[in-house]
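Pasting the structures in now, so scroll down.
Presented sequentially are two complexes of subunit A, the first with subunit B as partner and the second with subunit C.
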Partner chain A sequence: MEYNPNIVCFSCKFGWGYVGDKQSGNGSPENWVPVVCSGKVESTHILEAFKAGADGVLILACQEGHCHYQDGNFQTGKKVYLLQKVLETFGIEHERVRMEMARNPEGDKIVQLVKDMKQDISKLGPVRRF
Partner chain B sequence: MWTTMAKGSAAVEAAVKQFLPPCQVQCPINEDIQRTNVLISMLPDDPEMAANGIIQIGDYLYNRNPFFTVCGYVCGLCELECNYQSKGGAIKRRLLKRFIADSYTYHLDKKDEFDLIKHKENVAVVGGGPGGLMAAYDLSKRGYRVTIFEASDRLGGALWLIPRYRLPEKVLTSALDNLTRLTGVDVRFNSPVGNGRLTLDKLRNEGYSAVFMAKGTPTPRTLTFGGEDVKGQDLSGVMYGHTFLYEVSHGNIRPNYFRGKKVVVIGGGNVAFDAARTARRLGGETTIVCLECEDKKSKDGIPADFEEIRGAWEEGIRIIYSRGVSTIHGEGERVRKIECPKCTSVFDATGFNPQFDVSDRIPLDAEVLIVTVGQGPDRMALHQDNLLDERGRLAIDPLTLQSLNREWVFIGGDLRRIGFMVDAMRDGLVAAESIERYLRGLDIKEGRKRDYEPQDIPLRRHYMTEPEVLWIPPEKRMHFQLFERGFSLAEAIEEAKRCLTCGPCVSCKACVSIGIQDALSAVEVNPDRCSGCGICTSICYYGAAQSRQDEDKRRSVTDMFKCKSCGMCVVACPSGARKLVGDPMHARIEDVYANLSATIGG
Partner chain C sequence: MAEKPKVAITWLGACGGCDEAIVDLNEALLQVADKVNIVLWPVALDFKYSHIEAMKDREITLSMITGAVRNSEHEEVAHLLRKKSELVLAFGACATLGGISGLANFISKDDIFNWVYRDAPTVVNPQGNIPQTAIEVNGKQLTLPEMYDHVYSLGQVIDVDYYLPGCPPPSDLIATAVNAVLSGDLPPKGATIGPRRALCDTCPRNLRKPARIEIKEIRRIHEVEAEPDSCFLEQGIICMGPATRGGCGETCISINTPCRGCFGPIPGVEDGGARYLSALTSMLRAETDDDARRVIDSIDDPAGYFYRFSQPTSILGTKRPPQATEG
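Moving on to the complex of A and B:
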């Protein structure tokens, strides 16, 4: 069977997909967790994701300097950077946690970004488990 | 496209005492500035899709303030108190509102009439300016049958004195015509109330249970020196700023009327600058003479807005500060020259009491003299209507605007105290509330005194500088078209995003109104787990997470008035003492992870 990586996607509701058509649910990615601010995503949430079987975590935050809660996206950026270092020491490649800072009111890019990440993760293969 | 809801859990919560963003505290009608800023920032980039959102935001603003389209061109009081002022420039709220107004002005013409059931008493509104119209709007929506008695042949009052280069005629007429159309308010033109056929008593006899009087200040103040009128104000060529602006707005003054003439405008207020810049556009070689000095911060500083002064300066208007007028010299019937002594002090402990150094005086050629030193009410009519106290002042309760002499009369607008357009509008709203309480037999004062405290500036790493506002260059500006360029959609979104959203969530709820959140969540601190380390206080951008010394230990608390429930403190807390109550994020995460485990397992 072809390897199909599982990506958990957190997205900020103030920057991503707030004018999307909620009713149809068209094209919303699997394992999608919209959050009010990317700054609310804790390190443990990311670790739990890997524990639950995710092969990658994608965090979609607001553009730099545009966080509705001042600097939530920046805080997450710091966290992701540090966490990537820690994960590496446990054999989890840093590419498996990705953060994107942009704005996409229609939310149509979310699915595409998840797809792109899936492709990159496919090259890495599943997370090595000890 | 999102749909913004204004009712139920998405309605902003008012309180007798509360924190508000400073702009909303400054706004006399406490418009929901933050909420609409956030909504503008969340418009989509696609203009067609955004158009619907713009109308929704307009509808929300209109519901509270039927003059918001006009405010978008002429007000901007909120910007004076914006927290961003010290960090890169106030949010251009006026231009953001103008951005909405640019579409909404035309939408108004198509807007459906309100579905109002007018089952309550008849109320008369005397004066069809912003104060009277606002009261009429609010009262009709409350179910009263309102009749406006307007002395002239058109509504709008002093709004017509605003020059067209600042306020396009279409914006004003659309606001005025549609207000009466949408609410079904009855208007009687050419019906002055006071010393004429109509009196307050007559209105009472005609079945009006209450009267709101806001007939403005139609009488220009004359030029005085040393407590006496300056002689020569009857000369040909001398006019009063209000009369001049009124005639211009009526189209009674032809283009280039002042070409080649030396025009001198006396006065340092915004109206004087309006008169001067209008005279300049009519071809006059214009000079402003004012008592006040150039330094706006000093006690004798010029009261006109900085933007007016800058505009006048750019347009080649000469401004002579700290000078009064002692003499007007005529040549035959016409004004020829004035003499301007040095003004050494304008205000003292008693108030306005200018002092001059008559040994230092300069002559100034003046073929046209426009006196714009203020205006006053028609005192005679007020006296006849028995609305003054024994000292000749208006006898009213400033909190309720109810007349102390006649309980069914309410007084507001410039007539009560000269102010900005929105001050008059506020009076209209206050009077409407008072009239409702008076006619329903409720306590007219209870809970009326509101106490707002401005929220501090939130902390963030970078503050952004204000965008440049483009004015048409002065040499191309000598006409009565708008000289200021408005925002494009992209610029409006960018500027609205700059808003720091200082105010608490309960007074905004933009996110709830478009369904990003179901309800506002709240931060809870578990005192047993809290070690009092204070990390939360250092991460909180709003000063909501605070550390407090209790009897036995130090622990953290949350000031719910300031808290935005962003969750930064929850993430930062090393002992898991803080959590968000009513936040659906964790449930969602658990769902997703459980689902994930199941797929893997299966």
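Moving on to the complex of A and C:
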């Protein structure tokens, strides 16, 4: 059976579509969690995603300098960078957490970004833990 | 005269520091010893597991179990004491959280065996012997417990009534736990014996802490002379205080050593390491991504630091498979 990685996607509603739970255009990806700011994404949320069977976590934040709450995207950038190092020690490759900082108010690129990440994660295979 | 309550104390995958903490109760220990009948304490007294096996179920009032579950003997003893005890107290950081030895979960059992019995420079093992669970010697079979792939906390293997954190737990909390059992004034099942607040709340250095901590460089405690009265984090020294339960008596803080997190997370938090990670990064002051990354890169072994005592009970730690916990 072909490996179909589970990607959990957190997206900031300001930079990536303030449309509540329904996305227009290209439909909505599976496991999609719109949040009020990427700064709301806690390290525990990312760990819980992996525990629940995610193969990768995608965080879509506003572009640099454009956070509605001043610097939530920058704060999350630091958090994600340190968490990637910790995850490597847990046996989870850093490529499995990806953060994009850009502006896409319609949110129409989200589906494609999830697809791209799925493709990259497919090369890694399922999460291997000791 | 009514029979004295029976108490068992035992160590699983432990260093003996918890037993030492019990001995450190000094005169109070003699008073406790008058009131109870100690039926098992391998580190101090000579008893046999067969004596425990011969007891009725739940005959022991309290079993205080220290150490993590690392091998099949630990698991067997844990199940035996659970069966024979009314109450089980997970005693100390290893039993409560998995402890220091839980860091072994970051590598595999094969890696450990290869290093310890083959690759370490001090190893002399020309025949390449590694521990076996059973072997024939002169027609007789000798057995050893099986080392598991993973280190577990006590609560991941048996049902635990109360948790007493600390590496080791301080005397006052040990006395609180024992007295609660002797007096029958018990907290709700599953409770952790200790305050509900974070260490920072009672830290004497908190008084001089600035309103906003901004860390520009990470420093390690042995590389600098830390200010004895200032918040460690303010000095760029990683201190687990914000994410760690208080109640330890600030023993490390008072000798100018930052908190390492042996009391585990505060109530309501499953993964203290992850919460600490978020708190620490929010304190890092950097103007650019590159600068932030440079500071983060200077943190040596972040996973080992944040999960020093709690890897097995963290979100990505693994519970013992259910089929093995029955019995």
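One rule holds in what follows: the second predicted complex is superposed on the first by the 120 of 130 C-alpha atoms of A that agree within 3 Å, B and C clash if a C-alpha of one lies under 4 Å from a C-alpha of the other, contacts with A are read in each partner's own complex, and residues count from 1 in each chain.
Here, a residue touches a chain if its C-beta (ideal position, glycine included) is under 8 Å from a C-beta of that chain, and two chains touch if they have at least 3 such contacts.
Note that the coordinates shown come from a computational prediction; the quantities given were computed from them, not determined experimentally.
*Asks:* Going by the touch definition up top, name the partner, subunit B or subunit C, that contacts more of subunit A.
*Replies:* B
*Asks:* Who does A:Asp116 touch here: subunit B (first), subunit C (second), both, or neither?
*Replies:* A:Asp116 contacts neither subunit B nor subunit C.
*Asks:* Would you check which partner chain A:Glu95 touches, where first means subunit B only, second means subunit C only, and both and neither mean what they say?
*Replies:* It touches nothing on subunit B or subunit C.
*Asks:* According to the stated criteria, A:Lys85 is in contact with first (subunit B), second (subunit C), both, or neither; which is it?
*Replies:* Only subunit C; A:Lys85 stays clear of subunit B.
*Asks:* Kindly classify A:Gly65 by the partners it touches after superposition: subunit B alone (first), subunit C alone (second), both, or neither?
*Replies:* first
*Asks:* Could you tell me if A:Val8 is touching subunit B, subunit C, both of them or neither one (first, second, both, neither)?
*Replies:* first
*Asks:* Of the two partner chains, subunit B (first) and subunit C (second), which one does A:Leu47 touch, if any: first, second, both, or neither?
*Replies:* Only subunit C is touched by A:Leu47; subunit B is not.
*Asks:* Return first, second, both or neither, reflecting whether A:Gln75 touches subunit B, subunit C, both chains, or no partner chain.
*Replies:* After superposing on A, A:Gln75 lies in contact with both subunit B and subunit C.
*Asks:* Name the residues of subunit A shared by its contacts with subunit B and its contacts with subunit C.
*Replies:* In subunit A, positions 42, 48, 74-75 sit in both the subunit B and subunit C interfaces.
*Asks:* Within the complex, which stretch of subunit C touches subunit A?
*Replies:* So the residues of subunit C touching subunit A come out as 105-108, 149-150, 270-271, 273-275, 277-278, 280-282, 284, 286, 289, 292-293, 296, 299, 301-304, 306, 314-316, 318.
*Asks:* Quick check: in the complex, which residue numbers of subunit B touch subunit A?
*Replies:* Touching subunit A from subunit B are residues 1-2, 38, 42-46, 49, 53, 458-462, 464, 497, 500-501, 511, 514-517, 539, 541, 564, 566-568, 570-571, 585, 588-589, 592-597, 599-600.
*Asks:* Quick one: in the complex, what on subunit A touches subunit C?
*Replies:* Subunit A residues touching subunit C: 42-44, 47-48, 50-51, 64, 74-75, 77-79, 81-83, 85-86, 88-92, 129-130.
*Asks:* What residues of subunit A sit close enough to touch subunit B in their complex?
*Replies:* Within the complex, subunit A contacts subunit B at residues 6, 8, 13-14, 18-19, 22, 31-37, 39-42, 45, 48-49, 52-54, 65-72, 74-75, 105-106.
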